[in-house]
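You will see subunit A twice below: alongside subunit B first, and alongside subunit C after that.
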Partner chain A sequence: MSASSSLLGIPRLLRKTVAVAEVTVASQLAYVGEQLVRTIFLVLILYTFTQLWNATNRFQDVEAVTGLSIAQLIWYLVFTESILLSAPGLRGTQVDEDVKSGDLAYRLAKPIPYPFFQLGADVGSRVFRFAINLVVGCLVALVVVGPIRLSPLSVAAAVGLTLTVFVADWVWIFSISLLSFWVEDTFGLHLLYRRLLMLLGGMLLPLEAYPEWLAAICRKLPFAYLVYHPSRLFVQHEPSGFGHARLMVLLIGVVGLLPLWTLYRFGLRRVSAQGG
Partner chain B sequence: MNAIVEVHALRKEFRRRVRASGIRGVLQSFASPRQETVVALGGIDFRMEAGESLALIGPNGAGKSTTIKTLTGILHPTSGTATVLGMVPWKQRTQLALQLATVFGQRSQLWFHLPAGETFDLLAHIYELPRAEYRARRDELIERFDLGPLLGTSVRKLSLGQRMRCEIAASLLHRPRILFLDEPTIGLDVIAKQTIRELIRELNRNEGVSVLLTSHDAGDIEHLCKRVIVINHGVIAFDDRVSTLRRRHLQKKVIRIRLNESSVTLPALAHVEVLSRSDYGAKLEVDTRERAVAEVMAELGTLPLADITIEDPPMEEIIAEIYAARSTAARGVSEP
Partner chain C sequence: MTPDSPRTGSVRTDARGSESPRKQPRSRLRVWSGFARAYALANLQSALEYRVSFATQVFAMMLNDGMWLVFWLAYFDKFQVVEGWGRADIVTLWAVVAASFGLATTVCGNLFRLAGLIVRGELDIYLALPKPVLPHMLMSRMSVTAPGDVLFGVIGFGLLVHPTPGQWILFLSSILTGSIIFVAFGVVSQSLSFWLGNAEGVAEQLTNALINFSTYPTPIFRGVVKLALFTLLPAGFIAYLPVQLFREFTWLRLAALWGVAALALTLAVMVFRAGLRRYESGNLVLTRQ
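Showing the complex of A and B:
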């Protein structure tokens, strides 16, 4: 197949991917109660951090250090947690499971390339979990610290950027999962990637609260674009920096396509028959 | 005839890491990792004609699933050639997928938490079916597979037999020319097995869908296929009509008798084994290489018979015999 005909097929593939995402969301809706139970952890985190920030504020002016009020910090935390808690489990995407169980055979025998199928399934379920986390998180924040002034434009930009983040993040998570063609368990690699996102991406604190030298490093690394930037946009009064952040997130995703494509191409040759 | 599957010298090898047991074995495998080659397919040849229903049977690890996975493009062979509908499966997998369907008895393509109809709709997108054409086909399959009452129920609440009906219907939405069935009746009860077999047979006859089936169930083979390939240790042990398989390997007949009187003493019959005995009946097995069934019948005719029937031994026994024979011949070849 020529490169031009491959490119012409992309809109068709994307339509199939969206159809997979829609079915995934419908499937997640089937057990929305279970999803709500999972948000208990988010509620506990938000409550604990509210107490911590209030205690810290008695000794040092938090707003002077972070540039955000305690209420804004909690609303920021709502967004970072919603992004990270919506990520696939540490066992990675379905790929690990599909490779080990042999279900990959079913997926490969369909006229949709496996990565596109998995993109639809993973991003679809992540969007759903993100929405649930965000709604519950906002309700908790309203109760524990009250409302803050949110700009509709900034919120829209933050949500839009987050959707791009999900795709870029998926490219890297999927690539790590593809390593299961070679290694028994990708748990350690997923754990490492997730911890880097948490620590260097600014999950608990905005980068302004980091020591200057560390903040400078974090700003140059890709992790902050996947967590800090969309969350900072959420609590900002104007959507400044959206264009740059979006470009960087797209770049992170595009760069990740090279390891993904390479691993997928070589991984397919390692598919072994399960059960005879 | 028109060949839709052509396989020539198809070979598939896997590399497998081996290590001795225990901590010492693990440490040794770090220091000097060892691998062995497993031959899953040892260079098989066969053809399949359009509209044919062909069974691929063999014991666990014989190479059945490897064959199906290679023919659907999932596995890349080590050497040899194969074409399915004129395409090389591992090079044109996506294109080929539009014209074939696979049903793996132990796997599911249906979304577990949703009614099967939702998966049908998704498959219509994936196979790029025009809306009107899809609806007509879906309704036809719903009627034929009697899925109407099941469509509102999520898949997780269906019985295995009901789920399998949905699985097969889902795989037929795009009107495939070949249907690959990997143990489609595994785990099903007798009634569900019969239903599934009947549906597959209808498809083969009425729509001309070619069927390549793997199964451990001799009933599947007898009810669905005219031709059978027996594969063992990655090589073909038999490739002919099911009736030929029976004839060639049929060296025994089973005679059941029902008596009018109780506690009748059976005559001593040479080359006949009494498999079971009750007050009013008996089940006997005749070695037809040594003795004609007619002779045994004549001797039994002296008894006060109420009924007598002659049966072939179950297909399982015939297949087990072939496996055993090939295992002896192929000893030394690694099993996948």
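Showing the complex of A and C:
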């Protein structure tokens, strides 16, 4: 097959990937109740941080230090938590399971390449979880700190950027899961990646609230583009910085394709199908 | 993976799986410590079968806890104090809570899987063993990440608090009471499956709530929530009271902490036994791995 015909096949592959994502979202709609139960943790986090910021504010002016009011900090947290809590579970992603159980051998026979199938399924279910988390989070924020002035343009930019984040993040999560070909359990690696996103990405605090030395490190690393930048867009009054952030997120995803492709190619050599 | 028979076979059990009252307290303690040691050894050997994976997970958990600590250190870089709590208090809180949780799930690695075992009718395998069901269920597995929590707690406390020998003893005491309360809470929440059917989700949310509330300074919470933290969700006894002991030690507080731990454990055993009477076998043929 020539390179040009391979390239011509990409739109068709992407259409199939989108179709898988749509089917995943449709099937997830049957489990809205279960997903709502899972948002209890989000509610707890938002409540805890409201109490923490209120307690802090009794001794020191939080807005003077962070540049954001308590209400903005909580709405920021709604968005960061919605992004990270929508990520796949740390214990055994589907890829981990497929590799360990050997089901990967059967999935390779599907009429869509395995990575594209997983991309559609994983991003589809993540979008669904993100939407539920965001709706519940916004309702909780309305109750605990009241409304803030949101710019429709900034909100749209934040959501659009987040969709790109999901794809870029998936590239790295998928690569980590592919390490199951060589290590017994990738839980530790997934946990580390998630915690790096949490701390260096600015999940609990916006980078303005970090010490200068830590904020400087975070700004130079890619993690903040996956968490801080979309969330900051969400609470700010104008969508400035959207273009740069989107470019960086795309770059993070494209760079991640190299380890993904390498690990996948080498990993497939370890797959042996025996029928039955 | 079963404990060696000479140590465990000497305990008489009645039809309900409870121990014979004829056993002397001293020998009972020896038997039980042998039982726990045998399981711990077997679990550790099992984990060491996959050394790289085990080491990676322990290390990852230490880093995970360390990152939370970095978050708090970053917080205290900008804000000096929260409700009278400073940097040292938060370090102590995290060290105690992480080590307590780690110890609880290192020894009782099945703690947060009980609900699933109950609802799937997988208790049968434990019912025939010559010891009460609950310790077997709890100890027959080890969380491979949990030693990372213990190491983080001990190292973090030693490096950042610079404790005196007396504070080390208090730290050890706090870890023991904290892990007992974690185990007791886990048993009660997971035992809900005996009454509610599939209570895995509810138990998971309750556990998450306990861990969440344990890792923030208790004084920031007020009203009904604060009351809940000293009753339904005993985070106050895992986190707040130990930190208060470090701030201002009194024998009364220490006795109260141990009293609460003993009470919680007794309650947990009672709840589990009451639930066990409702257990229906799934008639599953299982092997222990």
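Throughout what follows, the second predicted complex is superposed on the first by the 270 of 276 C-alpha atoms of A that agree within 3 Å, B and C clash if a C-alpha of one lies under 4 Å from a C-alpha of the other, contacts with A are read in each partner's own complex, and residues count from 1 in each chain.
The definition used in the following text is that a contact is a pair of C-beta atoms (placed from the backbone, for glycine too) under 8 Å apart; a residue touches a chain by one contact, two chains touch by 3 or more.
No experiment lies behind these values; they were computed from the predicted model shown.
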{"item": "Superposed partners subunit B and subunit C on subunit A - clash or fit", "value": "fit"}
{"item": "Touched partner set for A:A19, first subunit B, second subunit C, both or neither", "value": "first"}
{"item": "First, second, both or neither for A:T56, with subunit B first and subunit C second", "value": "second"}
{"item": "Which superposed partner A:G33 touches (first subunit B, second subunit C, both, neither)", "value": "neither"}
{"item": "Subunit B versus subunit C as contact partner of A:T48, first or second or both or neither", "value": "second"}
{"item": "Subunit A-centred angle between subunit C and subunit B, computed on Cα centres after superposition, in steps of 10 °", "value": "80"}
{"item": "Partner chain(s) touched by A:L199 [first = subunit B, second = subunit C, both, neither]", "value": "second"}
{"item": "Subunit B versus subunit C as contact partner of A:P152, first or second or both or neither", "value": "neither"}
{"item": "Subunit A residues touched by each partner, larger count belonging to subunit B or subunit C", "value": "C"}
{"item": "Contacts of A:Y210 with subunit B and subunit C, given as first, second, both or neither", "value": "second"}
{"item": "Smallest separation of CA atoms, subunit C relative to subunit B, angstrom", "value": "5"}
{"item": "Parts of subunit B lying in touch with subunit A, wherever the complex brings them together", "value": "12, 14, 40, 58, 60-66, 69, 72-76, 93-95, 97-98, 100, 102, 104, 106-109, 111-114, 118-119, 121-122, 125-128, 154, 336"}
{"item": "Complex contact set, residues of subunit A against subunit B", "value": "12, 15-16, 19-20, 23, 26-27, 30-31, 102-106, 108-113, 268-269, 271-276"}
{"item": "Contact footprint of subunit C on subunit A as seen in their complex", "value": "34, 37-38, 40-41, 44-45, 47-48, 51-52, 54-56, 58-60, 62, 65-66, 183-185, 187-189, 191-192, 195-196, 198-199, 204-205, 209-211, 214"}
{"item": "Residues of subunit C that touch subunit A when the two form their complex", "value": "50, 52-53, 56-57, 59-61, 63-64, 67, 70-71, 74-75, 77-83, 144-145, 201, 205, 208-209, 212-213, 216-217, 219-222, 225"}
